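My questions all concern the structure below.
Labels run A, B, C, D, E and F following the written order; every chain starts at residue 1.
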Amino acid sequence: MSRPTKSSKLSHVDERGRVRMVDVAAKPETEREAVAEASVRMSAEAVRAIRSQSVKKGDPLQTARLAGILAAKRTADLIPLCHQLPLTHIDVELRPARRGRGYDIRARVGTKARTGVEMEALVAVTVAALTVYDMLKAVDRSIVIGPVRLLEKRGGRSGHYRRKR
Amino acid sequence: MSRPTKSSKLSHVDERGRVRMVDVAAKPETEREAVAEASVRMSAEAVRAIRSQSVKKGDPLQTARLAGILAAKRTADLIPLCHQLPLTHIDVELRPARRGRGYDIRARVGTKARTGVEMEALVAVTVAALTVYDMLKAVDRSIVIGPVRLLEKRGGRSGHYRRKR
Amino acid sequence: MSRPTKSSKLSHVDERGRVRMVDVAAKPETEREAVAEASVRMSAEAVRAIRSQSVKKGDPLQTARLAGILAAKRTADLIPLCHQLPLTHIDVELRPARRGRGYDIRARVGTKARTGVEMEALVAVTVAALTVYDMLKAVDRSIVIGPVRLLEKRGGRSGHYRRKR
Amino acid sequence: MSRPTKSSKLSHVDERGRVRMVDVAAKPETEREAVAEASVRMSAEAVRAIRSQSVKKGDPLQTARLAGILAAKRTADLIPLCHQLPLTHIDVELRPARRGRGYDIRARVGTKARTGVEMEALVAVTVAALTVYDMLKAVDRSIVIGPVRLLEKRGGRSGHYRRKR
Amino acid sequence: MSRPTKSSKLSHVDERGRVRMVDVAAKPETEREAVAEASVRMSAEAVRAIRSQSVKKGDPLQTARLAGILAAKRTADLIPLCHQLPLTHIDVELRPARRGRGYDIRARVGTKARTGVEMEALVAVTVAALTVYDMLKAVDRSIVIGPVRLLEKRGGRSGHYRRKR
Amino acid sequence: MSRPTKSSKLSHVDERGRVRMVDVAAKPETEREAVAEASVRMSAEAVRAIRSQSVKKGDPLQTARLAGILAAKRTADLIPLCHQLPLTHIDVELRPARRGRGYDIRARVGTKARTGVEMEALVAVTVAALTVYDMLKAVDRSIVIGPVRLLEKRGGRSGHYRRKR
């Protein structure tokens, strides 16, 4: 069972796109953390609906936080090649957008494991953002999600990553 | 069990943010379809890695399609107030980005049900985009997902919606 | 594949406890609703923690509502012989207990299907109650859940059931 | 990302009920065990149906045990702020009730982890009890579940807890 | 979004292996049933362990039945391109093998839907067989599963299929 | 809570088939690996459909690999008495059959845990095989899966197991 390396030019047809969950057995268990962010842009009416607590389905911010936390725990079930990681903490926060109208959603996720939690943080903010959309779509169907991105990552062989502004 | 209407100003503490899965029993089962899109922006190196089939985890485009399809079927499990809908078709497509470097992911989802499939289409493209990120993060950690948005929606009381460019 | 009837005295060893998901194909799709209730008894300190919003994990009532709604949708995954039912609405409500100290949790669940939603309503209130326990266990480990019971059931062959007080 | 402490009086609107999965990274991995109990009260007819193995859906006790075991493993998926814990053993037992007519269900669950397994034991007995209800509801719709409570807990910083009778 | 037909020779690279969940919206909802079978071959010692009820993990036949039923309901979650179908009945049966030593597992699954339940029946017998393996592997690691095959299928456009012996 | 040993002759009715998830707390965490195989036999037409990439649902081999990987991660959810194990790698491979027409599917799965990953490897190959069936059933409904078996197992108290040919 030979494994193509990152630099290999795979030419054999059978090898094209042959997916695998890469081996992390040799990596040590270390503390790792990742922070991701997703922005949600919406109409003035949608923002008003949130602020006045008059959304038919209930409070979008509370619901979004919980949906993000639950989804982070299910990352390995959603993203096919992710390893299952026991998360030590998950924190999802929604704040009025710094740019434009809407909210910036930030998730901080931690683990003590052989591989990082970028995907868990990204899944958390994304599902939180989709939940905001779901609860407000009766008010504003043109809500836009994004940019979604990794802000920071700590622990593991690749060291500390911090996104440049 | 009185239900606050969209226009109500809810002041009672117990009522703040009280979530519910809204009643759709009175709505007829009709054919519905939704199309959503998510863009993924990445470095030239990341695009090259996809094109040369030299990504360590396997082919990101194939994997993303499947991840999107599987996630769409689990929408009601991820988005707390979504109804469970039996989807009649799901199609996820990745194309070179029209703007910038990367891919535009489009999902078309259908059902015959009492409520629409916007969320299913949005979940499909988002999880497909996250899967692309996951498979390429060893090459480029600064990949950005978004905008994610609904392009079109058909069927149901609210009629045909098509996003303005 | 003969099927034992309710009145049968099953003596054959192979037949003992042979589980099955009973056939509902011949039953018509009708509107059905069920209401269930679970009580949660707790210390004065635990009630104060909820009221003063000083629970470390966040607001237990909001979280319990959402957990109940999500669990109701997963009933067929949890209760082995339940049929999968597309729910038309789910409403979970927490009120100060009528008797004792704590909360009474009530769920109303609906569907248009071949079989009833008692289990969905019971799962909703039970998981909501367990969530309250989880969020308050740092304050009071001796919280008691129960009674949990069906209050009402409507639709289907067996007619309207209403629990006697 | 400041975190409110248990004693804080949270007044800021954004902070009300902001849920989080609390950080356990600093806690050591230790052996932990929890025992929970749920009682199920039922009519004489329902007890007879179990004893004579004449329940249409199959043997409720066997099915309840398995449902409880499976549910315990899914605790973090059901209870929003629970950590994912790899369980080392799960044992679910049903015995004729000490008080009243019916069954007492007891679950013993263990792990080697950073946080306890009270919720896993409580989920196991509760889902086992709901399964008993499901299998007997054709015979007796007025079955009552409860009390459900933690009997014992061992391991971890808070030491040995044993419920007073 | 053009769709390749079964007979097409797909040459475009982007089209290679592009998966989709095929559209069933135009198909009528009809009653459908499928029967599948899986055989499990094992050592004389393993058979004795089952018969004498001396398997450490508990009764393999009971557990296998339930595991098969639960898995059938999760087919669309396991088999990527399967549609979600509300099953009307599931029956899993284990009998002493007609050929060789071991058990023949048969599942009968029904639905009223737009597409068939072959996969549900096949998933049921396969997961039941794997459960038998799991419970007996301490006694016999060389247990073999198979053949696994569809025996019969009814309902839907393709008519009645019955496997030739 | 006394536990029946493997050699015990359980006579008490309540004890018959009482399932449990056996205790692994005392076992050390060691590196473990398992390799399993499933064969899929099909018609010449089905093989041609795969090779010419003309399967309506997309490329069966790619999809099967992913389905196998995802299913392996869900083993404890499918096989009732399996422990939840964090897998360090999963590799699923499909090759033209050595005997007969069709494919041999092999999965290699690893972990660092208190119990082995035979079931994870067996689940991976089985779900991969079922996925191949699903994608080709429109072409050939008589596809047969099997034999499915464990080829090799390493790590843990029971030592190295290698299946005899």
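Keep this in mind: a residue touches a chain if its C-beta (ideal position, glycine included) is under 8 Å from a C-beta of that chain, and two chains touch if they have at least 3 such contacts.
Here the structure is a predicted model, which is why all the values come from computation and not from measurement.
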item: Third chains touching both chain E and chain B; value: C, F
item: Each chain counted as touching chain E and chain F at once; value: B, D
item: Most distant chain from chain A by Cα centroid; value: E
item: Centroid spacing, where centroids are CA-atom means, of chain D and chain E in whole angstrom; value: 31
item: Per-residue multi-chain contacts in chain D, two or more chains; value: 17-22, 58-59, 61-63, 65-66, 70, 74, 80-81, 84, 86
item: Which chain pairs touch, all of them; value: A-B, A-C, A-D, A-F, B-C, B-E, B-F, C-D, C-E, D-E, D-F, E-F
item: Complex interface listing, chain D residues touching chain C; value: 4-10, 15-22, 38-39, 49, 52-59, 61-63, 66-67, 70-71, 74, 78-82, 118-119, 122-123, 126-127, 129-131, 133-135, 137-139, 141-150, 153, 161, 163-164
item: Of all residues in chain E, those that touch chain B in their complex; value: 1, 14, 17-25, 76-77, 80-81, 83-86, 113-114
item: Chain F - residues contacting chain A, complex; value: 31, 62, 65-66, 69-70, 73-74, 86-93, 95, 108, 110, 112
item: List of chain D residues in touch with chain E within their complex; value: 58-59, 62-63, 65-66, 70
